[in-house]
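Each in structure tokens, the structures are laid out below.
Two complexes follow with subunit A in common, the first pairing it with subunit B and the second with subunit C.
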Partner chain A sequence: MARYLLRRLNLFLATSLVLFAVLFIVTSQFPVEQRFALTGIQSPSAEQIAQIEADYKLNSGKFNQFIAYLQQRLGGNLGISATSQRPVADELASVLPASFELAAVAGFLALAFGLPLGILASLSRHKVTQHTIMAITLTGYSIPVFWLGLTLSLWFGVQLGWLPISGRLNLLYEIEPVTGFILIDTLISSSPYSTSAFLDALLHIILPAVTLAVLPFTVVVRITRAAMISIMEQTYIKAAEARGLHTSRIVLRHALPNALIPVIKNLGLMLGTFASYAIVVEVIFSWPGVGAWLVSGIYQRDYTAIQGGVLAVALIIIFLSIMIEVLHTTMNPLSRKELYASN
Partner chain B sequence: MPQIKIYQGDEIPSPMLKIWHTFADNPFAFAGLWAVVGFLLLAVFGPFIAPYSPEHQDPHALLLAPSWDPAGTVEHFLGTDDLGRDIFSRLLHGAHLTFGVALAIVLTSLVLGFIIGSISGMMKGLKSSILSHLLDALLSIPSLLMAILVVAVMGPGLNNVFWAVGIALTPQFVRAIHQAIHEELQKEYVKAAKLDGANPIQIFWYVIMPNVWDTVIIQTTLGISAAILDIAALGFLNLGAQAPSPEWGAMVSQGMDNILTAPWTVTIPGVAILCSVLAINLVGDGLRSALSPINN
Partner chain C sequence: MLIKRLSGYATLTCLVILAAGCGPKKVPPGLVYCSEGNPESFNPQLVTSGTTVDATSQQIYSSLIDYDGKSAQIVPSLASRWQISDDELTYTFTLRDNVSFHQSSTFTPTRYFNADDVLFSFNRIIDPLHPFHLVSKTGYPFFQSIGFDKQINQIEKISDNEVAFHLNTPDASFLSNLASGFAVILSQEYAEVLAKREQKAQIDRLPIGTGPFQLNKYVKNEYIRYHRNEQYWRALPKSELLVFDITPKSTSRLAKLITGDCSVSALPKAGELEVVLAHDELEIDSQPGFNVAFWAFNTQKPPFDDMRVRRALAHAVDRENILRAVYQKTAVKATGLLPPMSWAYSENKPIINYDPQEARRLLKEAGITELTIDIWAMPVARIYNPNALKAAELIQADLANIDVEVNIISYDWSVFNQKLSQRDYDSVLIGWTADNSDPDNFFTPILSCASVTSSSNRSRWCHPDLDLILAQARATTDREERKNFYQAAEAIFASKLPMLPLAHATKLAFKHKGVNEMKLTPFGGISFTGTETSETTTTQEEALQ
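This part shows the complex of A and B:
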């Protein structure tokens, strides 16, 4: 197992290195002066120019430049944002929690509704029920997320007026950010209105989270259903039935843990698409997360923000997908057989 | 007079025919196939049958409702947008931008991914790992972020969407084909062919590839639906096709200004995107279930 973990760590480092290389190449291709693309300082003084050239070794060869670039970026120096003049690292720290919160709630919704529905779909022998569930999931899988977001906000936000459609919290509430997660911050804040602020934050997150949850939800339903159908045919399930166990016990104890394995694997494969969808959802619902920040960065040609945002999001995705792979291996003894295979 | 059958058993259909029969037995998949064919025809012939040009502005028919609405007229079948442009004509003109470009992107990245994936899949050891993991890094950048990077370098426009989505899709093809070939390579029947003295190219083409084509086909259908959604999303974010273009995602974003007074300017292009992706996914689903009995 230790060797396997070491290999995964190695993979993480190698992939991140390639990512840095890609970003380095892209940075040199930006249609602006390289000094500006690297640091975000619009009109540097003579000292600053000397400092930048020393930091990034701009006068030496490409390879040395890349090493210097790596040193700067790994040291936490992501440059300053050209529009706000604040360090990109600080801006990232303020927008990332919002994205995590949205993604976590959406992922929770997808699993909480997707798993039971997938199990029900697999157990039902009724043709109509099966076709209905498959039709719903296929539609959910095909729906363009921006259109879904607009339709939901038009319907529930404007016409029915039930839910707020932009931002994370009503501006009336002033909540001191501690963790950056608004749902937690409102709960632990000492303000006398913390309960109503929490409810308001909860109302704000419903529409974006539901919009974002549609894709993982449909994937979870489909994968769970397919896995459960194939597992319920297995002989060990027949043996459990022969022992006279209750159906719910067979499903929950004997079948579900095995059905979760392909679900976890597919969640890992879906991360990239999920992140793309999250960016669009954040833009539609003005959710102040990393996606909306990146898109406004590209509108304003804020090259340091673009680099920093892409770097952070891609690193998180690499890390999470490797973590999910490790989880998949620990949960699935069968895949451990291939651990020491040649590749 | 019908032919008299002497033998009890039917003719044994070829594997291709068997797949086709299983596919055609599924009415949803078949409907999807017809829809895809319809969209393909629209992508090619749409501009010829459109009643108006995509930029034609009718100042007497601004924000006209669709024809089934009491306020609508049949001249503008799906209504008009805020500049009096006929939405139906724009949809027809946009079909090749959304649907056609998606096909072109998938075809290009499929060829590229097929070549890289087969080479890295057939190789062993370090070389193979390097080739496949090099692209894993690209795979970890979501397609929209890749598009943002490409737009940052090259500026917005539909040509650059081609590169952005292509760069994002190619690693997926590489990875799928690499893994499929790699799995097949370890099976016994390949060893048997090797013992018969087949050279690597023969093993690749005649022994392994027949078992990998289904992965390629399934991945292609997934790629097309992802490409359509990406192109539309980029058009919506104003990073892809630019304002007067009748690309479907761009049409949604142009309709956004009037979403409260004229929701059809947003709804109708959205439904068009939904239908095209749904059709592709129905075909992909049908193909997957038609191909899978062979796997098992």
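This part shows the complex of A and C:
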């Protein structure tokens, strides 16, 4: 197992290195001065120029430059944002929690509704129920996320006026960011409006989270159903039935853990799509996360912000994919067996 | 039976959640304004953009004098009285007592506002050797464009509460310029503290002023939050909290207004009027605009240095169509630079007619066969042009008729402004909102030779004859005479056509009924104090006439 983990770590490092190399090459291709693209300092003074050249070894060969670039970036120096003059790392730290929060709530919704519905669809012998569920999930899977987001905000926000459609919180609430997760921050805040702020934050997250959850939800339902159907045919389930166990016990204890394995695998495969959907959702609902920040950085030609955003998002996706794969391996005895066989 | 009970529980739970979620929530009292973009700075002295003026001038700062839209007169503000010497060269201001500056986490004022602050605020602009002069990377575009440094000989401190401005030549627009949103008063004491800490640049980022609100927090692309200045020297504003919700997209602003996230929303697109009329809880505020939208040609770049090319392009554009599609009846067609509201306006014949045939002929005459031009279109809605991109598209279609190809170029607003000042554009769709009622404000800041260097002259057009007329117009205080001068200026403008004026738009804002704090002014920034600025004390406009 240790060997396996080491290999995954190796994979993570190698992929990240490729990512850094790509970013390094792209940065030198930006249509601005290289010093500006690297640091975001618009009109540097003579000392700053000397400092930048020393930091990034701009006067030596490309390879040395790359090493220096790696050192700077890994040391947490992402440059400063050209438009706000604040360090990109700080800006990232302030926008990332919002994205994690949205993704977490959306993921929770997808699993909380997707798994039961998938199981229901697999157990139901009723053709109409099965087809209805499958039709709904296929529709959900095919709806473009930007259209869904706009339609939901039109119905529930503009026409019915039930839910707010932009931002994380009514701006009149002054909540100091502690964790960056607004749902937590509002609860632990000492403001006299803490409870109403929490409810307001809850209302604000509903539409973006539902929009973002639709795609993983449909995938979860379909994969769970397929996995459950094949598992319920297995002999050990028949044996359990023969022992006279209650259906709910069979499903929850014996079938579901095995059905979860392909679900996890597919969630891992979907991360990239999920991230790009999240960017679209953040822009539609003005959710101040890393996606909206990255898009505005692109519009503002804020090259350091673009690099920082791409780096952060890509690293997170690489890391999470590998983590999910590790999780998949630990949960799945079969793949462990393959692992030993291959070693 | 069981199922029935269960579903009963379920309904109950749902109801509880709903009640908790949708029940009346406690919201802190305050006002949210949906603004259209990020301010470039927190000091309006350094910019010409209305977005920044909106976010600062009337909120954080006060000026020596104000302009009152209702009475069309200059009224006292930080200066309680002023006198003009008989030769019109010396303006003496008596300053208000007991006005305190904001107190922030990094600065606690130890004294009230006095003459030193006035000296600091203006010397910073006019004196190139002033320690804070070069702190501004963008210069002082408004003041440079009106030649403020040449206008003023010296600013003299007579006593702690008396300041005299000595001018080089009489200038009828001087008071109006001081009343504009750019001429704000900074704290000299704060500047000293910052200089000691070697953080001079903070003076424009963490502002300290005497205005009704104090900057609390600014998060780029998201919001600006202000707290009420409890020490404000006028009647306190009603709302303790003022938030600018930065929402660049016009439709998003409208949506936020409808869902109640904003109480007031700026710069609507004309097509959205009907939506607002359909909602009972919303209303529209409007003010005839003191502005002009134009299409400026970069006259220092061929082929736009050729007047025939400019005329040809202008002939090819169907301005009626732009008025219909972009403004939808919320604007009047421009016959020159001055809007009908200005006292120097007189009904001119149309500046140029729509005539593609003539356009083709002129292009041929200028020897131009294949022409591709860039039109820079503002990415944000401004009062004078709610949708520059659409206007650019219409122009693109019109110019295609005379075989001129158009590329439309647009960046995010702050980048757009930056790139514009690099002076490498072909033409730009932009405009001008007056800062004060003086007709001079429509010429000197945007067409004088001085404004070329400050890059607020979007046509980069310098015409000595025009400068001469403008100088003459400023030197006299007789209104009829001045009107004639400005009409002469309009004539020169019309014959040379460095830019094509499109329209004078009505200033609009959407708001929730019952929000009375907001006041739309024909000039300068938006105000949220909810009190009238007009104090019917000694107004001295008479002295000017």
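Rule of thumb we're sticking to: the second predicted complex is superposed on the first by the 339 of 343 C-alpha atoms of A that agree within 3 Å, B and C clash if a C-alpha of one lies under 4 Å from a C-alpha of the other, contacts with A are read in each partner's own complex, and residues count from 1 in each chain.
FYI, a residue touches a chain if its C-beta (ideal position, glycine included) is under 8 Å from a C-beta of that chain, and two chains touch if they have at least 3 such contacts.
Keep in mind it's a predicted model, so treat the numbers as computed, not measured.
Trainee: So in the superposed three-chain picture, is A:45 touching just subunit B, just subunit C, both, or none of them (first/second/both/neither)?
Mentor: neither
Trainee: Is A:303 touching anything from subunit B or subunit C once the two structures are fitted on A? First, second, both or neither.
Mentor: First partner only.
Trainee: Just checking: does A:141 make contact with subunit B only, subunit C only, both, or neither of them? Give me first, second, both or neither.
Mentor: In the superposed model, A:141 contacts subunit B only, not subunit C.
Trainee: In the three-chain superposition, say which chain, subunit B or subunit C, touches more residues of subunit A.
Mentor: B
Trainee: Would you sort A:248 into first (subunit B), second (subunit C), both or neither based on which partner it touches?
Mentor: So A:248 meets neither subunit B nor subunit C here.
Trainee: Touching A:293, do we find subunit B (first), subunit C (second), both, or neither?
Mentor: Second partner only.
Trainee: So, does A:158 touch the first partner subunit B, the second partner subunit C, both, or neither?
Mentor: both
Trainee: Scan A:31 for contacts with subunit B and subunit C and give back first, second, both or neither.
Mentor: After superposing on A, A:31 lies in contact with subunit B but is clear of subunit C.
Trainee: Touch test for A:235: subunit B only (first), subunit C only (second), both, or neither?
Mentor: In the superposition, A:235 touches no partner, neither subunit B nor subunit C.
Trainee: Identify the overlap between the subunit B-contacting and the subunit C-contacting residues of subunit A.
Mentor: 158, 299, 301
Trainee: Within their complex, state which residues of subunit C touch subunit A.
Mentor: Listed in rising order, the residues of subunit C that touch subunit A are 20-22, 25-30, 32, 38, 137, 219-223, 225, 241, 243, 245, 247, 252, 255-256, 258-261, 379, 411-412, 414-415.
Trainee: Contact residues on subunit A for subunit C in the complex?
Mentor: 43, 83-84, 94, 153, 157-158, 161-167, 170-174, 193, 196, 199-200, 202-203, 286, 288, 292-293, 296, 299-301
Trainee: So in the complex, the part of subunit A that touches subunit B is made up of which residues?
Mentor: On the subunit A side, the touching residues are 11, 14-16, 18-19, 22, 26, 29-31, 138-139, 141-147, 150-151, 154, 158, 272-273, 275-276, 279-280, 283, 294-295, 298-299, 301, 303, 306, 309-310, 313-314, 317-318, 321, 342-343.
Trainee: Using the touch definition from the top, list the residues of subunit B that touch subunit A in their complex.
Mentor: Against subunit A, the touching part of subunit B is residues 124-125, 128-129, 133-134, 136-145, 148-149, 151-153, 155, 182, 225-226, 229-230, 232-233, 236-239, 249, 252, 256, 259-260, 263, 266-267, 270, 273-274, 277-278, 280-282, 285.
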